[in-house]
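By written order: A, B, C and D. Residues from 1 in each chain.
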């Protein structure tokens, strides 16, 4: 089951669960995959650049990916982040995870690249190195990479690199970029690839209206994204926005740079999706005031959702 | 009327109004000052770094500040941004606006500074240059300046620089920093300065709960900030959050980097606060889809506010 | 006398002289212009982004530019830096200095711009705003601006913007970029514009061999650049490199980021070109050890130059 | 043989040799270690952040480090770079290489860190995680990491973290920082750690005069650094500078950002130290003009060195 241009829905960016003592928690990994599936995930993404994947050793990475793939089974495609400073390491990781059963890989540009020329060269090189038969997700995430990719450039890549089948759209929020890519499809016959939105879903309703196919991101309540998209797909724009608005105060809170991952893990642990909110060092710690904010927002969120049902 | 440590409430970061042909619109300036006052502003801030102040000529800046000061009168203190690459230009501007009647000035660190040593040296230098009798606002805005200021450093500045009377708190959202500054007041007797929150008010309820004294930022609906703070001050935390939540979808939308100023001006023009949403070049343009998003969000916001009343 | 594509030689980036008490030193300005002329300057550049121009008030800027223009007279073209956050201020400054007699203006891209699309839009906008009759220098200085401009992009600008007559080439050192621009001239008939090298002349011999037309930069010994270019023009590559090598230890020392301007002023004051090495705050200070290093290097440089003559 | 505060001399930052087809070249690794030793290396550093180490797979890294350690034997201490996004991976790598026989490890701060508070916390955490018995080199390299570390901060780390035994000084050139650290030793009894200079040796004479103990960097002619230091140690400052000046034109050329590694490998291949100059993708390519520049500079360098002997 390989990823292709028709992918849609919610690809949850998975956290990496640890036990309280900091070791990889493979039991929680099973539980987490089940949780994501129950809450509406149509796919999973692991070893993304913002999670704790860089804090795993090579052996742990392999064990974690294997466990996720085993649990995800044949109906939940798994994308694996393979961004790396060199093509050799990228190829090695890509080869390994594709053999293990990944649906595709995801690549973000190195932050030293700036010009269209450099970036075009990089992504044609990526496709060449990992192999034309490996579908890949282009991760456009300027806030993290400092790399800005214009619509023109992405259009060139889509045109010339058939194995680029999805854009993880994490420009903030870059609605005009979705407009431009979809217009290029309508006017110039550009191949229509999948566009999944990032940024914790903070602009999901607008992104869906502009032509995105769902979300690839990691809010602690993934059902928000699934439910918003379902309402959107039914044409019920107001319902989609009502649901979105109900989750927005918490989604906003979880999106705090630096603190975001700790908050997400605290929410997932509170929901029973993982056994511990432990994050590997170096990591920020939540204060009692942070925990109180989460409780306050979750209580209100539940009340608001009840009002809406 | 000079700014001091007791300042609280909503200091709106003012936009700079232009006519459709791009010239400075002084009539709209009057209207805008009145609008901000009616919507609950307790102060104004002009020539901030994120607005269009850098797009004014020196003469236009002076004319605009004068007009704002004249209209603001004696009951609405006006803070003027004087950040500059060199101390000579900073001093000249600071002297001029203080003579014109400004309540204080605001300074952000140059983006080349990094270490505590450099930043401490910079702000003691600022105080020395503009004069110990000129109260100043320390602008802590890492997303724009790339400069991160630790709580330790800010505490040192508060301790050693009496003319620093306010922190414009725009770390994103840096709730722990407010905690640390207020704890230093309680435990170590640190002088209590005013802390006003930025970031478009996106974390206002939390910031108020941690000990901020209000907001200094620029959302197109400044009454949100005034009303949230009023409810907070009455101890009605839920009401504060209800109001906040009602405005949040639009506040979030307006906070899009790059596009934010254009969105804010479009909202202010729609509300009649300024005659034209024109922004000086180089500036992004809003698309019909962007305008439709704004309409959709405002309609919903009005409905939700009615439900709450 | 307007700048055009045939410009060559050494356009010295002028420092801004101050007296010991920090006021603008217009007498030294005369002396400095004479000094630069005597040492081989074929043009001057003022109000550049790395000098102390941003530390001048608006009135001081005007007075300084006027004085330089008066002294430079009709045979020494003067380029004025007009980079500004907004087009209104850029146009105002450009109009004023062109009326005062400047030969052209220089513009660097704002550091927020990244993609080819953004940068192309910016520079076509610049040409439009300052007027098609005002020749401008495109300043390509990634180390200072964080903006990387590909050869492709610069070629598009040269092709579409006739008033862009010169590239201040300060990519570090970006020899391949000069190759690409000159090749585009030979192969595709691209208009040949003037390319003057920056970076304190640290790569001048190589840049001349690749097709640059001289230097626009600010080493305290501008005769190095004039003499190296003269030898290069005579075809005496070894002599060019001998001269270059003799100055290189000091040129390297002067190029220290942060400290560079203070070092250059110390050297110019030592040579009598300006009355004081004073730099406006905030500015680094030279230590006795720094001054000893300069003395040591200058003594050796003089000895080596004698050996070469 | 563990690294300690008395380390001095030239620790060459080793390149990673590949064959023409891109596979790891272990035979050349032996030859390279011998070459470095013959040219005066008193130590080696591998898996540094600027080399091609990030382009190795985990297995290749282990094989390469093992080969270097085997060849280096008991008289040439080897430092291994272990910078990593997470402490788990850092600890794993550090444990492994120390067991294999490394003399110590080197750590650079992650580029997201900015404040003294963050950096102090990071390096105390590093020492804790890798173990107090593992000597480590603090790598201060702002140009690559964007992290600026003040002298104050480094002094605090030296004071509180006994396993920090060396500073790889790569601030550019930051001579005042060496002054401050050595002054803190004289005045405040600060533990004297080893300071080795980086930046391709471009400021080696000055750094030695300020109190550095040698160099840890990677110029293709490591004998430059050994010979300059030997002359300096004899008190022959002029001879040290003469030798330095002879190599400077090439050293400067090799230091071109982006191109530097390709140039260094070309020089090492030309000298027979490695079989191929191949660099793993993504990597810049040298043009015939670049190769001609190298030839020209090497020919002149050899001539000048003969004149000096």
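The working rule: a contact is a pair of C-beta atoms (placed from the backbone, for glycine too) under 8 Å apart; a residue touches a chain by one contact, two chains touch by 3 or more.
Chain-to-protein mapping (UniProt): A, B, C, D = Dihydrodipicolinate synthase family protein.
Note that the coordinates shown come from a computational prediction; the quantities given were computed from them, not determined experimentally.
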Same-site or different-site touching of subunit B by its copy subunit D, using the half cut: same
Chain located farthest away, centre of subunit D as origin (C-alpha): B
Subunit A on subunit C, rotation in degrees - Cα superposition, rounded to nearest 5: 180
Chain centre separation (subunit B, subunit D; CA means) in Å: 46
Distance between the centres, which are taken as Cα means, of subunit D and subunit A, whole angstrom: 38
Intercentroid distance (Cα basis), subunit B paired with subunit A, Å: 33
Residues of subunit B engaged with two or more neighbouring chains: none
Parts of subunit A lying in touch with subunit C, wherever the complex brings them together: 114-118, 142, 147-153
Partner subunit D, residues of subunit A touching it in the complex: 22, 52, 54-58, 60, 84-89, 92, 110, 121-122, 125, 129, 280-282
Complex contact set, residues of subunit B against subunit A: 172-173, 175-176, 179, 202-203, 206, 209-210, 237-238, 241, 244-245, 248-249, 252-253, 256-257, 287, 289-290, 293, 296, 300, 304
